[in-house]
Amino acid sequence: MASSIPTTREAVIIGGNRIPFSRAGKKYVRTSNQDMFTAALEGLVARFGLQNELLGEVVGGAVLKNSRDFNLIRESVLGSSLAPATPAYDLQQACGTGLEAAIAVTNKIKLGQIESAVAGGTDTISDAPIAVGDKLRRALLQASHARGTGDRVKALLPVLGHPKWLAPETPDTGEPRTGLSMGEHQAITTAKWGITREAQDEIALKSHQNLYRAWEEGFFDDLVTPFRGLSRDDNLRGDTSAEKLATLKPVFGRGLTGEDGSPLPATMTAGNSTPLTDGASTVLFGSRDWAEERDLPVLAKFVDAETAGVDFVHGHEGLLMAPVAAVPRLLTRNGLTLEDIDFFEIHEAFAATVLTTLAAWEDEDYCRDELGLAGAFGKVDRDKLNVNGSSLAAGHPFAATGGRILATAAKLVHAKAAETGTPARALISVCAAGGLGVTALVESA
Amino acid sequence: MIAVTGAGGVGSVAGAGAPPSYAVTELAELPALGGLYARGAVGSVAKRPRADVALPPAAYRVTDVDTTGTGPRLAAYQRVVGEPASDVLSAGFLHVLAFPLATAVMVRPDFPLGLLGMVHLRNAVRVLRPVRLGDDGVEVTAWAENARAHRRGVQVDLVAEILAAGELAYRGVSTYLAKGFTLPGVGAAEPGRPGGSADDGARPRTSGAGRDSWVPPLPTARWRLGKDIGPAYGAVSGDRNPIHLSSLGAKAFGFPRAIAHGMYTAARALAEVGPARRGDAYEWTAEFFKPVLLPGSVDLAIRYASDAGADVLPGSAGGFVYDGWRTGRAVRHLAGAVAPL
Amino acid sequence: MTDSYTRFANGGLKPLVKKLGLPQPAILRRHKPGSPLTVGPVLVVSDDASAADADAVTTVLTSWDLDVRRSPELAEGERFGAVVLVLTGAEHPQDVSAAVLTVGGILRRLAGNGRVVTVSRAPAAGDAPALAAARAGVEGFVRSLGKELRGGSTANGVQLADGAAVDSVSAVATLRFFLSAKSAYVDGQLLPVGPSTFSGDIDWDRPLAGKVAVVTGAARGIGAAIARTMARDGAKVVVVDVPPAGEALSAVANSVNGVALQLDVTAEDAADKILAAAKPLGGPDILVHNAGITRDKLLANMKADRWDSVIAVNLASQLRINARLLERGVEGLRIVSLASTSGIAGNKGQTNYAYSKAGVIGHTAATAPLVAAAGGTANAVAPGFIETEMTARIPFATRSVARMLPSLAQGGEPVDIAEAICFLASDPASGVNGQTLRVCGQHLVGK
């Protein structure tokens, strides 16, 4: 590998564990992020016999957090069977949280600062924080800072006059700077790239079919531990079809106008967009020595990672297009091209996200003008894309998605290498709110 | 980048100050808007449309404006329009600061047009150097000039200039339309095409072609504006025109519901470009079309001028153009530009 | 977990229960680490021809710091905790009379949760008729005595086979198991014990120390109890259950510092997955085939899926896994399979289940010589009525009757099965091979 990466030791992926993902408001109602992450962690501990083990670090996070969860991951560790002396911290990078946590811990392993780690994430819509409106919040803060009851009452008096202030604010998936939902943002990108409804539905159908097959084959038997009576991702529809997907009404991208003034078709439906989901995931990493000393399996090496941001606020780039920029940098640095990749794990925030990503890499002008490449970056072999399903079928509990993908990718390259006797590689790409992209390269070990 | 704005949009900076023929009256302090409105409302009744509009050759000036005392108001303004907290007075706030003086000109008995019912057509501003909270020697001058024909009446520019330490820091031109008035020698209002000869060059350049063939671009943002935004901007700007404050007030002037201040929408677009990208010196223009009814949802395209097809430097250096329209409909609310100078 | 009737019958109304002739289940004494082996002094009795073996037994018992007596006299208020009746030398049925009657004479002075353990020789092909009669007679004696004993006391027998010495390792281990509280729910059973190849120190507190045990069906009930008891005895445990049971399974794994393996035992590659999970830990040394299902239906109403699934899980999976492990050359493997009293005595509505469980008893006997060749053993445990989530779903009346049927007049606890399995899986028990040990409180019917 022609590489400018300084030589460090390897960080290996030993395995993963997650709880089944559940559509918001279903099985995990009244289940907190801490409950879910602890459950995922406990399953991981059980799978690898890590009871009372002092790990180097546990890192993860949640995108939607209650304020009491300021130390969510540490609290989860304390509630787990790991040694209580295992350090932990929270990290947050929107939907890139899980994969960024993996980058953080593998870098420490590579540097020799730690020997072992768990990275992961959790998110719940069903137990999401509810905030009070700004006016009530200010009144409450003023009251709490007030000296004496009189001032306190005075600060709170306006609340009595404005019962509407008591209406809670629920978090939404809107971008803070634009006020557009992630779906609307993607719909704009989808329209720009002229991605059809049929192409999106095909991605969605494949996702369900692939995930269903993987479950039936027992692929997830050692990647998922049931939770709260749920033993499979409940968004999965093994019996969906192109016909069923075609009946769904568009939910994003209505009312967009083309340059010629004609209305653009709305193509994004609930079927080709990820649903709001609850869930948690974890991945176990170690130095090779640490894994071998314990006779733990070594599935893959966490080779390298690259993050990117795009200038989406003023519409120059699509909100979810940052991985498009990150991947060429990642592969080039490692002396690789798309041809060298055996598995593409491209997070399906929306079917269209995957398609616009692929389209951009195939577009010569775009790659030259926006990515600074000599020509088109290349074509992704669709047979290598999300072969065991992705977020459209599994669901997408924001911070938990990175861990889900990483464990799947590690298992895939391990199996492929065992079968062919030659190394196998997986490319992971996760788009995130704020115009962020987190990507990683995993290779069989 | 001059290319973004029509030449002469804000007038010549070199020729700062009121026209030489104008008499400048110095006031001790900026007048209170409330009183001016009362006078304006009363005066408006007397100012019937007539065919011989002539502007008073008079300017008002306040020297040593106290900027320190405006701290809390500035903070409130920044919160309402979405400007980041800063000691620098944004162009929008400078407009608000000078607005009472411009209003004082308009409520003069010899100002021929009625204050009530005047329509804000467009606004063009240049900030040449930052004015900061606590700056001494801030001087504000305002006058009216350039009365000219519009297809629906007479349009007039209210010009405000702000000097800091003797240097021109801000020049704003607000163009208002008084319906039904005509100019001497012109006769009936000229049914000129929009953007035609009746319009001067201050019309901000936008990505779309003329009004008739306007096509909404792909949005970059969406504003969900509540009923409270009218009173909120009214409080920080002092512009408590009843059409912004309540449905009832708006109905009295023929609107179905309260409408957002045009300057609020323009100021919010300016804020969304933000100080980091517009720089210390910049130009900010706005043109207002159909009013935004409250509550309402507005789709915005706030784009790099280069991405909108202008032949300027790419990215923020080339400035921004913005369009706003009713979400899901080709009903245009505003358009404008923000460009670093 | 003691059932409500047992609590009631042992409460303030105990005299009334007795007067009414209602069943009088005792509260069984179960093993607690550190508690004494027996509840009182141990009397060793033998016929004349067995005196030397009785001496050898006495030596063993004394080495366990037990209060061993050779004569039935007791001080005022004293009660025996156990009686060991050594009949290994008896060659004629008439030889045992004095010893047996001596035992009879002290039964009223046998403490609650007491033990009567016979040590005899198993009948063998070629025995003279009188010798065969003397040896076979012990079985009838033990089974009958089990039914006579009260207060949680049990009668069981060590049957020495293939010339095993009375103080050989496995004979001693079996004797100790029957004497101990670990056999609380084992009653009226004789266990044939052959010579043991094991030589080495025995840590009676942690007999499975250093062993890697695989327990299937371990997410709950008996399987979970087996895992916990194995861990208590020092084993590293790989707990196996179907993926949907994973949440409970991981909780069991974490409670025993073990490893969870989500696996359907009927899968083709189940044995390889078990090996892959156990190998990093240095095993497997012990495999417990506990996974089992019931799909009860009268045969007249039996559908293929009900029959086939029971056979697949309860029987065929064990055959496939055993065969594969032997093929992979796993050495010294101690296999313990779960049979059932249904497989021995039969049960209405359980033709499929009983077929599978009788099949387990059959394949265990047949597998024994195969694994023995690689230094291992294969045994089975046949539970009677055990208080589990599964049996809790049996209708109350049926459940209550089922509890009263055994001599001990109550259901057993999952831990009772677990104790028997841990005993059979331990190295000292290596002389026990191909056997099915009933843990049923001496169920009324069946052998």
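Labels for the chains are A, B and C, by order of writing; each one numbers its residues from 1.
The criterion applied here is as follows: a contact is a pair of C-beta atoms (placed from the backbone, for glycine too) under 8 Å apart; a residue touches a chain by one contact, two chains touch by 3 or more.
Per UniProt, the chains are A = Acetyl-CoA C-acetyltransferase; C = 3-oxoacyl-ACP reductase.
Here the structure is a predicted model, which is why all the values come from computation and not from measurement.
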item	value
Chains in simultaneous contact with subunit A and subunit C (3-oxoacyl-ACP reductase)	none
Chain separated most widely from subunit C (3-oxoacyl-ACP reductase), comparing mean CA positions	B
Chain closest to the assembly centre - both centres taken as Cα means	A
Rounded Å distance between subunit A and subunit C (3-oxoacyl-ACP reductase), as computed from the means of their C-alpha atoms	51
Chain centre separation (subunit A, subunit B; CA means) in Å	45
Between subunit B and subunit C (3-oxoacyl-ACP reductase), centroid-to-centroid distance (C-alpha), Å	93
Junction residues of subunit C (3-oxoacyl-ACP reductase), two or more chains touched	none
Subunit A - residues contacting subunit C (3-oxoacyl-ACP reductase), complex	39, 42-43, 45-49, 51-52, 81, 218, 220-222, 224-228, 231, 294-297
Partner subunit A, residues of subunit B touching it in the complex	213, 215-224, 272-273, 301-304, 307, 315, 320, 327-330
Residues of subunit A that touch subunit B when the two form their complex	177-180, 184, 188, 191-192, 254-261, 311-316
Of all residues in subunit C (3-oxoacyl-ACP reductase), those that touch subunit A in their complex	236, 243-247, 249-251, 253-254, 257-264, 267, 276, 279-281
